[in-house]
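Reviewing the structure listed below.
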C-alpha cells in the first residue's frame, strides 16, 4: 500500500508546506511574490488558493522589516516560513537573524521561542552573477541559536522542511536552485527527516568524501568513475550543518583514514574548514593524510559562462582530488 | 475619588486611573534611582540606560492596554517592563545579572523579555523592537484576535529604515500596532534636529495614511488620552497609529554619561516639567487624595525599591554550568 | 618615543592619513570609544573638525554613503560604535563594497574603511558583544584587520586608509587602554604579515585580536612549568599569512588555534584546516581549537567569563597539545 | 529654461533609438544563444533614460538599478562592449565578470548598477557626498524603480541627502500599473510623499513624453547644481508588455518608426501600449509634427543605428569567452 512516487525537489518542498499548513493552522508563509504569483520559481504554487491571504502573505520589498515581523509573529505563537527570494538578500536580514531570532530564546532564559523557518535559494550555474548566486550558510553556522539545513535531494528536502517547520527554533533552509528539477523516489506520506543527522550516501573503504548540498551529486558522479578503477569511495552528506553530525563524519573517516570535504560556497572561514578541523581534532591519529578541502575560490561569482563554472568544484575536481589523496 | 479630571490639554482621565498611573510612575522613578545608585557603586555590569523623566510616556501608553496586549520596548525600557507588570525584584536582579533575574542573568538591562506579560523585550538594537511588535500584530491578525501591540522606540530610531518598512506594512495590512516614539531630543549624544530631515515628525507617519500626532510626553493624562484613542482604533481593526511623545531623560544616555552636549538652561526648563510633579498637582488639585497621601505614596515607593537593593545585590550569581541552557529548545 | 595607548595610536594613524590625503574624510564619532580612552578623539576633532560628520542612526545608508563616496573618489572612514550594529549594513558590506572592484573588472574600487569595536567587553550582553569578523572573512573582497597593540594599531590604520580596497578594522574594545612606546612619525604596517610575538619551542599558539594578549599571558604561566610557547599574531584575517604560521608549526610540531569568536566556522577552524593541510607531517599531535562556545554571550559576569576563551583555556589547550 | 533646440531634440531621439535597437538586439541574442542569465529590458523607458543622460555633464556620476541597459547606452557606452558583457565575453565592459545586472563604464560616469533593490539610491547619495567634498560642482544621479521606496535603506538615504544637502538627483521610474498587482506595495498615496516628508523638492513628469522629460530633467539637474540640494523626480511610465521576459520575445513587434504616422493600422493585444505609451513612436510623431525632421530623415537615422548594432553584435560574437585564469584576479585592487 505504501507506494513511493517520483518527485522533484521543488514539489517535495511544496508538498511539505501543504502538509504542515494543513496540520497546523499556526503555520504561515511570508515573503515576496509567494502569494497569488506562486513564487518566482513556482515554488509556492497553490498555497495561496488553499490557505488565503491571512496565511500566505505577500510582503513589500522590505526584507529587514518583513523578516523582523516574522520573528515577532513567531514569538507570539505563529510558525512562519519566511521566504528570501535569493540567498544573497539574506544579507539584508542579518541584524534580525543574528541579533533577534538567534538570541531570543537564550536571552529570555527559555521563556520565549522563535519557531521559524527562513527558506532561501542559492547556487551557481545560472549566470546570475555576484549578487544572486551566493550561499551564505557559513555565517549562519557561526551563529548559536540557529539551525542550518542544506538538502541535497528531493526526499531529504521534503522531509527536512517538515522537520524544520515543526522545530521550535529558527531553522535556515538553503535550497540550491539547480536542484529544483532533480527527482527521486519519495516514500508515501513524505517521511520527516530529523535535523542533525547525516546520511551515508554510499559506502566505501578507501576515502571519505563529505559533500554539501548539490556537491553530493558531483561526488557520486566522481565515485562512479573512480569505482571503475577500483577506488572505493564513501560519501557522507551532512544534510545539516548546524548541528553537525560529527559522530557519523568522524566514524567514517576512522574507517577510511582519508577525507575530502567538498562545498560550493567560499572556502575561507567556511564549512570545509569547520569539518576539516573537526576531523583533524577528533580523528588525527587515524588519518593517513591531511584532510583535503575543495570549495569555491575566493572570488565573487562571475557571470560569464566560461568563468562561472570555474568558481566551484565539480565531478572532475573531486575525481582529481581523490586520485591525489590516494596516490 | 471617581470623578473625572480635566487637565490643561483637555484630556480627561478617571481619578482612580490617574492615581494608579501616578503610583506606577513613582515606582519607576525610584526603581531607576535605586539602579543608578547600584550602578554608581559598581554593582551593575555593563551599561545601563535609565528612563527617569520619561515615566509618563511609559505609563500613560501602557495604561490604555489590556493584560493580553503586547509591547516591544527598547534599551531604555525598565519603565515599560514595570508598567506592563514585571516583578521589580526579578527585574532588578536581571539588571544585576543575578540567578534570580527574570531571564536568569542572561539578558541584563537591554534584553529583558517577559512573555508571560506580553512584553517582547527591551532591545539592544536601535529600532530592533519595531518589527517584533508588527509581527505580534501580524500573529494576532492570523489568529483572528484583536490583541493590540505597542512598539516603543526613541527619536534615534526615526531614521532607521526598519521604521519606514514596518509603518508601510502595518498600514497596508491594517495591523493593530501603535507606534510610539519617545522623543527625548537626543539619539545617544546627537541632537535629533541635526540628523532628522523634514518639516514635521508626524509627517513621517502621515505619508502612509497613518493617523499621527505629537503630544506632550510629560503629561500622563495627555499621553493616556492619545493612547486610548490609538489603542481603540487598532482594536477596532482600523490599523496603526503613530504617537510622538516629546519628553526628556533626566539622566544621560547611560549612567556615567556627563551630558556635555546638553544645554543647562534647557535641562532646567525640562526639570520643571517633571511628569510626577504634574500628576501630583492634578491629583491634589482635584481633591482625589491629600498631599500627605501623595507624599506617603512616594515614601512607599522609595522604601519598596530601597528594601530590594541589598538582597538583590547579594543574590547568588548564575552557575557556570547553566551556560549552555536555552540556546535551543 | 612617546607613549600612547591603543586608542591614541589609532587616532594618530588616522590623523596622519588625513594629513596625507585631502580625500580622506570621517563619518561617525566616538572613534576612541566611550570608555576612559575616549578623549583621544579630541585631537582629531581639533585638527580636522570640518572633515568629520556625525550621521543619523541609519547604519545601512551610512555604509553605502561611504562606499558610494569611495567609488566616486573620496576615502571615507566610517565608524560603527559596536560591531553588531553593522549587521544592519551587512548587505552594503558584502554585496556592494566587496564586489564592486571585481564586478566592474577593475574600473572602480571602493577604498572605504569601516571601523568597528567588537568583543566581550563586560556586561555587553547578547547584542553588544559580537565579533563577526570570521563571517566577513568568509566573503571575498574585504580586507580584515585586527590590531592588538598601539604600534600595530597606528601602522595598520595607516595602511587601511591607504588601501584601495574596502577594509574592515575591527578592534577589541578592551584593548584600547594598552600602552606602549609608539614612533611619533608617520609609518605603516603592511597587511598579510603575521608576527611572532614570542618565540618558543614546544607549541605554537596562533591567535588574533584579544586572544593574542591572553595567549601571551598563558605563555608566561606555562614557562614556569617548563613549557616553551610560541605565540603568533595573525594581525590580518584577510589576507592571511599562512607561510609564517606554517613555519612556526613546523618548528614546534604542535598547534593551538585560539580566537574569541565562535568555534564553528570560526577563525580557529580555518587556521587549523589551512595550516594542517601543509604542515601535516610535521605535526606530532592533533591540533587543538579554543574558541567561544556556541551560545549567545550572556550578560551576567560569571556566565560571560565562562564563554570567554581566556588565558586558562589556552593554558589547558597547550597542555593537551603537549600531552601534559 | 529655454525649450530644447531642434538639434538637442534630435540628439535625444538619436540616443533613444540607440537604446531601443540595443535592447531589441539583446532579445535576438538571447534567442540565438539560449542565454541563461536574466535581463531586465529598458524598452519603454527610453525618453527618461536619454533625458537623464543628456542632463549629465562630464564628471557627473550615475548609479542605476538592474534595469540598466538603456542608461549605459544613453551615456555613450560602446554597444559592442555592452553586448559582449551581457554575453559574458572577454571584451565586455566588465570583462565578463558583471553581466547584464552590473554593467559599468566608469569613464563615462556610469558608476555601477546594483542588483540589490535600494542599492543604487544609497550609493548615489555617497557619490554626491564625495562630489560635494571635492567641490567640483558635479552632481550624482540615482536611478531606481517604484519598488525601491519599500526599502528602508531608500528612506535612510533620502533623509541623509536632505540633512547633508547632497547634490543628487533621484530619478524614480514608476512603471507600476494601477489596478494590477503593483510592484510597489507602498501605502503612500503618491511616491513623492515620502521624499516630500523629508523636505526634498519633488517633480512629476510623464516619462514617455520625450519633450517633457528633456525639459524636466534638465531643469531638475540645474536646480541640483544651483542649490546643492537633492531633487526627486518621479517619471510615470506604462510598463512595456515584455518587461518581465522569461522567454526572449517581441510582444509588441520590432519597432517600426513609420507606424507613428499610421497608428490606425496597429492591432493586437498590445495595441494600446504601441499607440499611446511607446516613447519612440510618440517622439517620432512630435519631431515630424514640429518640423524638426521628417520620416525619411528619422528612418535614415534609424538605419544607421541598426547598422551600428549589427556591427556591435558581430564584435560581441567574435569576442571569445574570457580566459579561465581571470576568474581569480581582480578581487582586490592593488
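For this structure, a couple of remarks:
A, B, C and D are the chain letters, set down in written order, and residue numbers restart from 1 in every chain.
Everything that follows uses one rule, which is that a residue touches a chain if its C-beta (ideal position, glycine included) is under 8 Å from a C-beta of that chain, and two chains touch if they have at least 3 such contacts.
These numbers come from a predicted model, not from an experiment.
The chains touching chain C as well as chain D are A, B. Chain centres here are means of the Cα atoms, and by that rule the chain farthest away from chain D is B. Counted by C-beta pairs in contact, the busier of A-B and A-D is A-B.
The distance from the centre of chain A to the centre of chain B, each centre being the mean of the chain's C-alpha atoms, comes to 41 Å. Put simply, the C-alpha centre of chain B and that of chain C have 37 angstrom between them. Centre-to-centre separation between chain A and chain C, using Cα means, comes to 30 Å. Along chain A, residues 59-60, 62, 64-65, 88-89, 92, 95, 99, 103, 106-107, 129-131, 144-145, 297-300, 302 each make contact with two or more other chains. Annotation for chain B: residues 104, 106-107, 111, 123-125, 128, 159-162, 164-165, 168, 172, 194-196, 327 touch two or more other chains. For chain D, the set of residues that touch two or more other chains comprises 92, 96-98, 102, 114, 116, 150-153, 156, 159, 163, 185-186, 331.
If touching chains are joined by edges, the resulting network of the protein chains shown connects every chain directly with every other.
Taken in their complex, chain C has these residues touching chain D: 23, 25, 53, 55-56, 58, 60-62, 64-74, 76, 91-92, 95-96, 100-109, 111, 140-141, 143, 163-165. Residues 84, 87-88, 90-91, 93-95, 98-99, 102-103, 125-127, 130, 132, 134-135, 137-141, 237-238, 240, 257, 261-262, 264-270, 272-274, 276-278, 280, 283, 285-289, 293-296, 298 of chain C touch chain A in their complex. Across the complex, chain C is touched by residues 44-47, 97-99, 101, 104-111, 123-128, 156-157, 159-161, 187-190, 194-196, 317-320, 322-324, 327 of chain B.
Note for the complex: chain A touches chain B at residues 26, 28, 54-55, 57, 59-60, 62, 64-78, 95-96, 99-100, 103-113, 144-145, 147, 168-169. Of all residues in chain D, those touching chain C in their complex are 61, 63, 92-98, 102, 104-107, 111-112, 114, 116, 119, 122-131, 133-134, 140, 152-153, 156-157, 159-160, 163-164, 330-334.
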